[in-house]
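In the two assemblies presented below, chain A is common to both, partnered first by chain B and then by chain C.
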Partner chain A sequence: MSFDYLTIAVALVGGILFVYANMWILSLVRPNKPSDLKLSTYECGEEAFSSSWLRFDMRFYTVALIFVVFDLEIAFLFPWAVVYRSLGILAFVEGLIFVGILFLGLFYVWAKGDLDWVKAFAKGRIPEVLDGPPSREVRKGVFESGLSGGPERNGGGEEAGTS
Partner chain B sequence: MTTAALIATLVKIAVFFGITISLAAVSTLFERKISAWIQQRYGPNRVGPWGVLQPLADGLKFIFKEEVAPAGANRLLFRLAPAMAAAPAFMTVAVVPFTFPLILDGTRIPMAIADIDIGVLFFMAMGSLAVYGIMLGGWASNNKYSLLGGLRSSAQMISYELAMMVSVITVLTLAGSMNLTRIFEAQIPLWNIAVFPVGTIAFGIFLIAAFAETNRHPFDLAECETELVGGFHTEYSSMKFALFFLGEYSAMVMMSGLITTFFLGGPSLFGLVNGIEDPWIKVLAGLGVFLAKVCFFLFLFIWVRWTIPRFRWDQLMHLGWKLLLPLSLANLLLAGTLVATGVL
Partner chain C sequence: MSAEILAFLVLATATVAGGVVTLWSRYVVHSAFGLMLSLLGVAGFYVLLGSDFLAVTQVVVYVGGVVVLYLFGVMLTPPDREERSIRRIAVAGIFAVAALVVLLKAVFGMEGRWYGVDPDRGPASGGAVIREVGNAFMDKEAYLLPFEIASVLLLVALVGAVFIARREGGRGS
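And then the complex of A and B:
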């Protein structure tokens, strides 16, 4: 058995070596003539503008955080599953409680709206338009509810300005 | 023991690794051939008869093309990323049992390169490592498209990994071992896919998650040519691009192999192959059956890619978190109940 783990170690080292040998040895035979245009980043033929470190959606962090919690909890289920048959009814009850807690956590983040990519859609504050462009009424409604358009943001700005 | 075991291991490494790489190369040819058939056109047909030398020609081109790294790129991470994307798929080969154990003179030689008791954990660990390759590639390129592609891909892969893990755990409750050889041996009387309803549901969840984990259509939002050019590999060229490509196809082969092992009984075929007396013929027949199943799933991967349109991003997250994860957890509880009450 320890021999098998040694093989795994060899496979790990071998996999990395294979990849790097590919990249390094073969780089000896290819041309290398860099120029400014070649080294600029590709933006569909336009000259690249501004920094490429753009601001991205906070939801990516939320997803990663939820993942870490669930991943850790699910990792505990692996040993449980392996010895499940030999432990009998006790393992079943404990598994039931544990998965129940997992479900509870899932429903909590669900109810908080953290599983929705756009929270406002889920809470019904912005009507979600699926087919075709939004109708006149919908656009009017969105504008009046003040969530996607200017009024609330402008209002906030004014408050900040006056105070 | 040691010399014989060493030779056996070296032979297994050469054969199984060779099979995986060749299957990956052949599937790049068939990707284009099948897409052409689906779209009623020819596909590659100039390099060699019927275009069979196309993968070779591609390989030569990858080797002799100039390698360009954008000026603002992070040199270290830019080089690390393709290796991180490709190496885990190659390493997974180490634990997949390609056929029945060979029994010679009472000695049992398992037909996985390393027949370890934590095979499932090793596969999950390697699957998680693959996320880093794509994320780092997107991050280090200093390109807006790449950054967006890398972010999307990492969020997508971690979301679907949960559902995949739970469906694998369901299989573990049925098999009672994390050793992949024992998992398929437990299915010789009845494949897990036929264990209705738990095995069937777990199979469906694992299949969908496998598409998402390998960044294949309909979950290829990381590449998404129409909006992100090439996503995380926009700035990659030459051998580094080839490694991303090779990593994706090797991951497909490995996923097909694991689906086969977890749900389709690995090399077994309704007890036919299992009953063969001669050890060598049994091993070879098992290998043939296993590869036939793997090729079917490779075909499925390609078929789906050219048939089904891409998901929208919020639909993707919705499917992963709100449907697959609760469904897989409920399925696990159902499996636990059925096993505890002695039905399964």
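And then the complex of A and C:
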């Protein structure tokens, strides 16, 4: 078996070694003064008041799901693309059908609003925000959308800022 | 010791080490990264076996896609600090022993080399495999229909998964 993959192996090992060699060389010359404060969680200068194990928004998961499906589509289309030129019109039509069926899926998630990061905006609630002071409901929707760390976090930040 | 045996041993060590981290770590995030290492090792095995298409697919789909999905899933899950119950260990143990028996049977029933691929038995490498796969996909007698049905399957998976995720998400819709 031809060992072309040696290049990949060398790049892999070299990349890993590069990181650790740098860390080792730096450990020889840098000052070493450990303290508890340096090990604490950094939260924009505020003292951390909760665990960093907070639950993420569901939307990340939905996007990852959609990504995996279209990732698989690429895995199927790759061998198709390699032989595409030699097969002509048949490969073209078959590829079109394959992509077309999956396009239905993309259309579905698009139309249902799963691709919109902030769902409240897509549902036409944004005029409330523009007309006057945002209602409590809208603000809640925006905070929970995953743009920030969640309502508790934001509330805590504001309190700390005003005091 | 040839380069292939050395590569096999390194890959085997990485795969098993990743699996051990996945199982024993108390932090789910570390488990996910261990799984990533393990799956990368498996991709290396595919390379050793001369199936570069399978190796690339393994990296693109499993390492790049599924593990990322797991990571997001982990972030959605509150950390589980409970001790493992006896019942859970027993059920997992039964499955593990059964899988081990099947695996050992396959290993000892194997003919030929235990690392890598025999030059006269395995597929030719160097892009030939992927061309074969592509031709088989586009052949009416072979896998043309399964190829198209695979896209329907992917469509069903996408719609179903997004539907469930939306309902579990609760708010919004």
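The criterion applied here is as follows: the second predicted complex is superposed on the first by the 118 of 163 C-alpha atoms of A that agree within 3 Å, B and C clash if a C-alpha of one lies under 4 Å from a C-alpha of the other, contacts with A are read in each partner's own complex, and residues count from 1 in each chain.
The definition used in the following text is that a contact is a pair of C-beta atoms (placed from the backbone, for glycine too) under 8 Å apart; a residue touches a chain by one contact, two chains touch by 3 or more.
Please read all numbers here as calculations on a predicted model, not as lab measurements.
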Room on chain A for both chain B and chain C (clash or fit):
fit
Is A:Phe67 touching anything from chain B or chain C once the two structures are fitted on A? First, second, both or neither.
both
Partner touching more residues of chain A, whether chain B or chain C
B
Regarding the shared-chain residue A:Leu102, is it in contact with chain B (first), chain C (second), both, or neither?
both
Answer with first, second, both or neither: which of chain B and chain C does A:Glu94 touch in the superposed model?
second
A:Tyr5 contacts which: chain B (first), chain C (second), both, neither?
both
Now for A:Phe76: first (chain B), second (chain C), both, or neither, which partner does it touch?
second
Chain B and chain C, minimum CA distance [Å, superposed model]
5
Which parts of chain A are touched by chain B and by chain C alike?
1, 3-5, 53, 56, 60, 64, 66-67, 71, 74-75, 78, 81-84, 91, 99, 102
Chain A residues touching chain B in their complex are 1, 3-5, 7-8, 11-12, 14-16, 18-20, 22-23, 26-27, 29-34, 36, 38-44, 52-54, 56, 60, 63-64, 66-67, 70-71, 74-75, 77-78, 81-86, 88-89, 91-92, 95-96, 99, 102-103, 106, 110, 115-118, 121
Spell out the residues on chain C that touch chain A in their complex, using ranges where they run on.
3-4, 7, 47, 50, 53, 56-57, 60-61, 64-66, 68-69, 72-73, 75-79, 116-117, 119, 122, 125-127, 130-131, 133-135, 137-138, 144, 147-148, 150-152, 154-155, 157-159, 161-162, 165-166, 168-173
Mind pulling up the chain A residues that touch chain C in the complex?
1-6, 9, 53, 55-56, 58-62, 64-69, 71-76, 78-84, 87, 90-91, 94, 97-99, 101-102, 104-105, 108-109, 112-114, 119-120, 141, 144
If we count contacts the way the header does, which residues on chain B are in touch with chain A in the complex?
2, 5, 9, 13, 63-72, 79, 82-83, 86-88, 90-91, 93-95, 113-117, 120-122, 141-148, 151, 154-155, 158-159, 161-162, 165-166, 169-170, 172-173, 176-178, 229, 234-235, 238-240, 243, 313-314, 317-318, 321-322, 325-326, 329, 332-333, 336-337, 339-340
